[in-house]
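In structure tokens below, several structures.
The two complexes that follow have subunit A in common; it is paired with subunit B in the first and with subunit C in the second.
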Partner chain A sequence: MSSSVYTPKLPRWWWLHHAGYRRYMVRELSCIPIGVFAVMLIVGCWRLEQGPESWQAFRAALATPLALVWQLIALAFAVYHSITWFALAPRTMPLRIGARRLPASWIAGAHYLAWAVLSLLVLRIVGG
Partner chain B sequence: MSISNKPLLWLPFAGGGMLAALLLPALMLVLLLDSLGMLSTAALAHERVRAWVSQPLVAISACVFITLVIWHAAHRLRMTLQDLGVRDAGARRLSARICYSAATLATVALAWVWV
Partner chain C sequence: MNPSPMPVSAVGANALRTITLEVFRFRPEQDPLPSWQTYQVPCREEWVVLDALNYIKDHLDGSLSYRWSCHMAVCGSCGMMINGKPILSCKAFVRDFPDHIRVEPLGNLTVIRDLVVKQERLLANLSAVKSWLIPKTPAAADEPYRQTPVQLDQYRHLSMCINCLLCYAACPQVALNEGYLGPAALALAHRYNLDSRDGGTFERMQATASADGIWECSFVGECSEVCPKHVDPAGAIQQMKLASSLDWFARRLGLGERS
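For the complex of A and B:
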């Protein structure tokens, strides 16, 4: 590599300098609680397969104060992920009908509707 | 034009992101309500949950869901690490290897639980 290669300089904490960048970073870092929760679901599947006692121990562990705080944080990040994901949907999935573009609010709205319906279904079916 | 592996990564990223956006808050809420004792004890009782996952379609859907969410998170973490300062080629390759290895490990663990 020659020294003429352009290397952009970016301060290490660039994303703290602007509210929009901070929101961006919160959105991107939502992947950590979401990933950890997915691993927790795998552990849950494993404990479920081990039998009723193991499953009960898993549920009891989730009911400890620390686990409750963790679940609240994860839920907040997951909701933020949903909101930002649907807000981007009109740009990642622009739809055309004939020559006309479907309005962005329709695409985002359809996602919010699907979110509401699916959430109610999960709460109804899984929540008993 | 050289062959890119990007579409192969975008598919689980977009699919996992969409499934997480649509389903995770509700799933988390159900677990949280159960942890708070606000659901009936029968709701997430062993025999009830076991009965669901003993249906092949439910088990496969759950596996696909968890796997896609894991790969979504791994890919997003890898890209975000670059924003946080992981910039030179060697460090980027290492962070990619760590993220995708963790996702592979989680996928294998999930398969191992249910095979």
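For the complex of A and C:
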């Protein structure tokens, strides 16, 4: 009798039952397409190192419909991850100037600004 | 003391709405397994789910067990899963729910009886993280520890925790790892770390930065969503991760003075 307690078990598919958990799981799963895209970039560098023909073949492979669809999926996940992460940043890194708390929108805004600046920089380098 | 809800005869019939309350029952001396029991409860417009439970207790079934005390979201004892979500039953207005309401004990915790869960896990974790002031320097016997409003503002929101366990019920990591210290205990550890009078951060880190501490958190964030006092344990834990990482680097670089 003394050990008669009930301990609930987390259902196997616990995250399917609640919108908040689903959003969290999508953010966690975004690491897979982003990871695969990173591997593609590394393969690209390796092909570039092999010479112009290899590089052209790699570029052609990237332009096939299947590869394009995959890149769009990876982009969608990367954008989702970035936006949700930036939204959380003010809670992770609350900042103060003197006695006053910096508004959350400023901290998130600084992340978007850094994102835009870095993206422009990369486009500038890649675009020549 | 709070009066129990008025008997039905005392209110106008047109003000009543009959709700089906499906309540989790667990009476180990009768049945080793939990079961569901439904009650028809005539609810008044301004009732919360706790009022409906009190109605059952007073008029329908005195054997139903649940915790409550203040009826105003201060004591933190009436947390339950209502239609699958952790909430204080004294804050859950019946009018915000459909006609069928399912009431369960808080998730992820051991159930003792009906809607009553064991609170020992939180209490043990509060001790483990030393959620009390560890003074930097002992104050003179007749001197208070002084603090400016700005210093108070650093941790004040974290000190609002009422230990209601809703965050434990909302956290899948609490369910997956029995040893995990959990949102409330970690948020309260951070509350003392941020206190200008406190010098116990490193001492607390032995627990908070252990394998059962902050790194078990994967920032699901639901603890903060369900917190009735807007403590934001998820944010506190991420801040501790940042502080713990910086501390690690500082010590690798020989900058930290911590032993």
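Please note the rule applied: the second predicted complex is superposed on the first by the 119 of 128 C-alpha atoms of A that agree within 3 Å, B and C clash if a C-alpha of one lies under 4 Å from a C-alpha of the other, contacts with A are read in each partner's own complex, and residues count from 1 in each chain.
Simple rule for what comes next: a contact is a pair of C-beta atoms (placed from the backbone, for glycine too) under 8 Å apart; a residue touches a chain by one contact, two chains touch by 3 or more.
All of these numbers come straight from a predicted model, not from anything done at the bench.
Q: Looking at the overlay, does A:R91 come into contact with subunit B only (first), subunit C only (second), both, or neither?
A: Touch status of A:R91: second partner only.
Q: In this superposed model, does subunit C or subunit B come into contact with more residues of subunit A?
A: Answer, by number of touched residues of subunit A: B.
Q: Look at A:W15 in the shared chain and tell me whether it touches subunit B only, subunit C only, both, or neither; answer first, second, both or neither.
A: both
Q: Would you sort A:V5 into first (subunit B), second (subunit C), both or neither based on which partner it touches?
A: Touch partner of A:V5: subunit C, not subunit B.
Q: According to the stated criteria, A:E28 is in contact with first (subunit B), second (subunit C), both, or neither; which is it?
A: Both partners.
Q: Tell me which partner A:V79 touches in the superposition: subunit B (first), subunit C (second), both or neither.
A: In the superposition, A:V79 touches subunit B alone.
Q: Counting contacts the way the document defines them, which residues of subunit A are shared by the two interfaces, the one with subunit B and the one with subunit C?
A: Correct list for subunit A: 15, 28, 92.
Q: Which of the residues in subunit A end up touching subunit C in this complex?
A: These residues of subunit A touch subunit C: 1, 4-10, 14-15, 17-18, 20-21, 24, 28, 88, 91-94, 99, 101.
Q: Residues of subunit A touching subunit B in their complex?
A: The touching residues are 12, 15, 25, 28-29, 31-32, 34-35, 37-39, 41-42, 45-46, 48-49, 51-52, 55-56, 59, 62-63, 67-68, 71-72, 74-75, 78-79, 81-82, 85-86, 92, 111, 114-115, 118-120, 122-123, 126-128.
Q: Write out the stretch or stretches of subunit B touching subunit A in their complex.
A: Subunit B residues touching subunit A: 14, 17-18, 20-37, 39-40, 42-44, 46-50, 53, 62, 66, 69-70, 72-74, 76-77, 79-80, 83-85, 106, 109-110, 113-114.
Q: Can you check the complex and tell me which residues of subunit C touch subunit A?
A: Within the complex, subunit C contacts subunit A at residues 26, 28-29, 32-34, 84-85, 107-112, 118, 150, 153, 172, 175-176, 218-222, 224-225, 232, 234-235, 238-239, 242.
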